[in-house]
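Both of the next two complexes hold subunit A, though its partner changes from subunit B to subunit C.
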Partner chain A sequence: MSGRRNETSATTARGSIRRQLFVQLLAVAAILSLAFFLIVREVAGRVAEATQDDILAASATSIADSLRFEGGEVTLDLPYSALSMLGTINEDRVFYRIVADGRTLTGYDDLPQARPSATAPRPQFATFDYRGDRVRAVTLLRPVGSGSTPVQVAVSVAQTRLGMAAISARITSIATAIGVGFFVVATALSLLAARSALSPLARMTLSVTRRGPADLRPLRTAAPRELVPFVDALNGFMARLRTALGQSEDFITEAAHRVRTPLATLRAQAEVTYRKLERPEHRQALREMIRAIDESARSAGQMLDHAMVTLRTDSVAHETVRLDELVRETCDRFAPTAGLKDIEIVTELPPAPVVLAGDRILLQNALHNVLDNAVKYSPADSTITVRLSAEPGAPRRVRLSVADQGRGFDGRDLKQLTRRFSRGSNVGDIVGSGLGLTIADEVARAHGGHLDISENSPGAGACIALVLPSA
Partner chain B sequence: MRFLLIEDNERLASAIAERLRLDGHAVDHATTLSAARECLDAAAFDLILLDIMLPDGDGRQFLAGQRRARNAIPVIVITARSAVSDRVSLLDLGADDYITKPFEFSELEARCRAVLRRRGGSAANQTSFAGVTLDATRGSLNTGRRIETLRNRELRLLEVLFNAPGQVFSKAQLMDRLFSFSEDVSENAIEVYIARLRKRLGGTDARIETVRGLGYRLVGPR
Partner chain C sequence: MHRACLAICLNAVLAVACVLAGTGAGAAFEAEARKFYPAPNAPPGAPAQTGAPAAPDAAGRALRIISTADLDAFEPIILGFQAENPDIAVDYTIASTSQLMRAIHDEGAVFDLAISSAMDLQTKLANDGFAQAYRSGATDALPQWARWRNQVFAFTQEPAVLILSESAFAGIAIPRNREELIALLRDNPARFRGRIGTYDVRVSGFGYLMATQDSRNAEAYWRLMEVMGRLEARLYCCSGDMIRDVADGRLALAYNVLGSYASARIAENAPGVRIVQLNDFVNVMLRTVTIPAGARHVDSAHKMVDFLVTLGQRPELAARSGLPPIDDRVLRANNAMRPIRLGPGLLVYLDSQKRRNFLRSWTSSLVQE
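What follows is the complex of A and B.
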């Protein structure tokens, strides 16, 4: 209920904005990384291919330039440089074929040759499988000879693509590394972004949880525009709650006043009349009336107390309370009431101060109710022992026990006694509402403690203890 | 004792006043705070009984004002408000004690006595008979040879007898003084207390005499 019970949230979390934001940012980062990788690989592949094509074309041109036409024959002095420029690339094998008038002049007979048209004398590139390897080939058409009918010579140069594949693999691995690196950096940035985007929310949560339970002032933390409606709604809710709580307290106070004042008048008049009555039957009747007045006053009082306690336990103020002083004061306050029955209240307090964090008024009311019970059920000329001590076997816990010499509980199920309006089985002749122990129990639990009900020994009185955490 | 009763509910006030007068006290009644201030200026009181909600102001402010003005008359607040909301602040404001409506007169009496005892008592509350002095505030009995501390019920019973020596009190009358309305006791229960008082008064000239069929009375030396 109070500050310390806020540790477990009553709301079940459904989805997380931070996770959602993070996952979305991550998905975008993944897509970008992949696209980057694909583009780099594609562009690098094309650049490598273009480079190979340029060299192939240069090689073919160099061969074509060395073609001569001598004595009606096309001759070729194959320049070494034409092939060596290709050989610089890796371990690749190089093939060539020079065809003049449909007859292979030199080179590999079976090297497939594109059929370039005479009208478009640009080099033709092709990729195909040849002798067990993938090759890139270029075919160049060059007219050789003079006169009106030059001989069309087709020069083809082909090269395996091992070097290309190696370059492409290297580029791919670099592209992969960059892509992965990009993704990792994007992940970290996404985490940061998700966190910083939600930090105003965390700040607001902190400023709400840090305040005291009774603090219902509006929230003044600066909020991002998107959260302003939420903060406004929260502030509106707190304002309504403040009004409602105030009205409840006012109502209880007013109700107490309205109920108690006429009862007080009635009781005072009845007592005055009683003193003047002589006949035993009249006196007996008036006694019954006074008892009924007491009963209703008591019930009304305890119900109002209970309502006030319930209202306050929802917002237990954790101020520092000197429990030993509180016990002494409350017992002193109670002494005259107990004295009417010649009941002595003996207090046994530890020499050192006992301090705990809690609500003074609630604790006082709890002890008051327990003492009230004890006095009510104690016979005349008896003793009530109020003892404040460390709880045995539980460090940082104190036990405030009230033991009387009354009738005890006659073996009744003790757990039931703290239920509202539940009373012992052997109380027929005593006025009571059954709320006293309920109030004490609720106060104990609001402080993180509990009420311990036991019998001194059957028929030898009750022992009610408030077990509370000490500071 | 002289009481100043500050209470705006006329019927409740007159019942309280009448009940206190039956016990032999003098009571002045004020229905407003201004009337109460006039009373305080005009006479000396032993105790103030103060209601909280009054037509012309809050009793708590009156109380705080009295304390600021160093008026030391003991104050018992009669409150109808919830115990949980009010009790602490009353004592903090300088009330000597408080009692919640409705109350039993014997409890009010006991609280008055306790307050006066804490304040040091007053000689006015001593009654003497046949060389024996009863101090009702301190709850002690001075027999001339020794001082005895009386238990609450012994004191209340002896007070009745000391206030009217020679008068016969029936068992029923005496029981009214000793037992609350919630207690069911037989008339013989009074005999226990009479026996105790006779023991207390042993060796003095004061005696409690049984008047057969009528009750008891306090008598002096034969």
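What follows is the complex of A and C.
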């Protein structure tokens, strides 16, 4: 049944909530991963730079501490540790310069030196290119000597930044790995989250699709708050549908009763009158009236049958039907009508019961209409053969055929016959609405079968067969 | 009485200092001597020769090495290298450590390799941007302490040792550390007066390096210098002279002699000489090679660097050159062995103020005039 529902599903899928949710979660994860990566790299760079600055400042301070004022001039005894400490962690190049009163005391006399202001004796850091490499430099100012005019000595120590770059690169690669790992984990979690967020929807879908076709009770599944309006709307819709369907069925039943009974009364009255009349022109007029009444009754009956069939094929009940019994009952009920024309209905049923899953009323209706046609188009004193057998060449299918000895279809437009209000080309003299075969065809197809129309032999009667899947 | 450093520590054949015109570079620089080794695969008629090569174009293609190592030590290495690389001619120039430094640092002379026993100057070359980096499997296999910035590669480890004449120590215990040496000298002034030799750090770069490292490592150094000064120590420029004088019996002991040469010479022909590695600490000097930034035959230079740093894989060649190759196991076996650390610390004693201060202290201790 769900297969049938999918076949006729008119809804084209447009986007997927799960995919949308997943993509959005993924985008958030990607942004967070990238932010994490950038922050870690930035922080790592700053920490590495701060570390280098600390060592440079320590180096410059130890040099400044070794400054002396001897014999009227500044001297210094460069401490071994001042430069060796810069080489303990990495293999960076080291430069230094000591300037006293604008004169380079020792070191690299082309090393650029920031001029720290005497008022703010904090170490000044700078980054610039020197001798082919980018260097980080510190300059600090130290007054040396006693008296009122101490000599201002500027001590600069510079170091290339390869070690710092190496530390940054290492931390960056770790940050990259963590960022990628974070993203991968977030991807997996996003998939799970998208799935679990949509699980109530899947649960509801399942509980709806599991229902029988006629089950229009309101949905009682516990739904998340966001879906409650939808469930309410669905339930309201189903309630309206239930009411509408009930009303339609009541209407059809009511209409059948209201139309058939007055027509039958009218026909009986007309026949009584007919018998009383003697003048041939009056009798002729009344015969045509009876004929019109018959036509109306038949048309009304078939249209109501068709309406019923249409209503029920939308939700075929799959109850277990004993087809052989159904055929026997229907034929028995038809025997008096056929008897009026001296037509014999012969049933050929298999000995074993034939069972299928279907709608009893629809099947009765279909057979009734086919038999009605057969009786109508059969000449008096003929035989209608109703045969129930296995469909040759198709396992699990049964063929219910009705063969008459009427005029057949004259070899023409067999496919047209099942169209609504379409009649054969050679039936102008017989009352009919053209709905009989349409009803049979619709019922056959609602059960997953088809209607097979053929001629016994040209001009020697029609054979209408319902081919249905058996249980 | 101080012996002036008259003798040149190089091989007598090459001892004549001469000024050579630097080919190609156009810059003049000072060097001790020069020898050209044509490529073994080159057309015949160009034998090994002293001085500038006969064919200038041959010199133009040759691997130009400036080195402080004399040919006694280095010729076997060059020939061994050429045996493996017969297409490479070698133009070998011998210079003192300071000449080498001036040539590359100040005068911009073009060389493909600079080989020096002055670790501090080599470090300064690299620090000041005069060396280019090189990495290979061979250089990566060096211990961490034997390379710096992939620009300075050590290929020998040469301990500074005490050598003494066995006859002079007859009847007294051989000192095992600096404290014992100081005590011994104090207790036996008559025996050792005028018979102690050590480097004149004012003229010897190696002596200066060893002295500064000693002073950094031990307070005892200055007391030792005081004692030596009082005993009228003789000052030398070179290890070879000290070894010779110990062998002759003119010196009872020589302090801070380069172990490689000492062991090589003694093994040859001096039975009464003994080498002592003090057990408080032994400074280990590393002979290093760098590729100058302006090198022209970089591929050949790379091959030579690989050849040098893998000297340990050719023990027979190492023995012939008398240069002990880098071997971490030797250092691990003796905890007193301390390789001088390459790095910016070496720049400290090159500082002019520092050097002036150090030499002032050293002179006042040792040269007590």
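The definition used in the following text is that the second predicted complex is superposed on the first by the 378 of 471 C-alpha atoms of A that agree within 3 Å, B and C clash if a C-alpha of one lies under 4 Å from a C-alpha of the other, contacts with A are read in each partner's own complex, and residues count from 1 in each chain.
Here, contacts are C-beta pairs under 8 Å (C-beta built on N, C-alpha and C of every residue); 3 or more make two chains touch, one makes a residue touch a chain.
Everything quoted here is computed from the prediction, not taken from an experiment.
Participant: Can A:Thr253 be said to touch subunit B (first), subunit C (second), both, or neither?
Facilitator: First partner only.
Participant: Answer with first, second, both or neither: which of subunit B and subunit C does A:Gly107 touch in the superposed model?
Facilitator: Second partner only, subunit C.
Participant: On subunit A, which partner's contacts cover more residues, subunit B's or subunit C's?
Facilitator: Counting contacted residues of subunit A, the larger count belongs to B.
Participant: So, A:Leu362: does it touch subunit B (first), subunit C (second), both, or neither?
Facilitator: first
Participant: Who does A:Ser84 touch here: subunit B (first), subunit C (second), both, or neither?
Facilitator: second
Participant: Just checking: does A:Arg267 make contact with subunit B only, subunit C only, both, or neither of them? Give me first, second, both or neither.
Facilitator: first
Participant: Now for A:Glu49: first (subunit B), second (subunit C), both, or neither, which partner does it touch?
Facilitator: It touches nothing on subunit B or subunit C.
Participant: Under the stated touch criterion, which partner chain does A:Asp133 make contact with: subunit B (first), subunit C (second), both, or neither?
Facilitator: Second partner only, subunit C.
Participant: Looking at A:Gly301, would you say it contacts subunit B, subunit C, both, or neither? Reply first, second, both or neither.
Facilitator: first
Participant: Which part of subunit B faces subunit A closely enough to touch in the complex?
Facilitator: Touch list, subunit B to subunit A: 9, 11-12, 15-16, 18-19, 22, 53, 78, 80-88, 97, 100-107, 110-111, 113-114, 151-153, 172, 176, 180-184.
Participant: If you look only at subunit A, which of its residues touch subunit B in the complex?
Facilitator: Its residues touching subunit B are 249, 252-253, 256-257, 260-261, 263-269, 271-272, 274-275, 280, 283, 287, 290-291, 293-294, 297, 301, 304-305, 308-309, 312, 333, 335-337, 339-342, 360-362, 364-365, 368, 380-381, 429-431.
Participant: Name, in rising order, each residue of subunit C that touches subunit A in their complex.
Facilitator: Residues 126-129, 148-149, 216, 341, 343-345, 347-349, 351-354, 357.
Participant: Spell out the part of subunit A that touches subunit C in their complex, as residue ranges.
Facilitator: Its residues touching subunit C are 75-84, 86-87, 91, 93-95, 105-108, 131-133.
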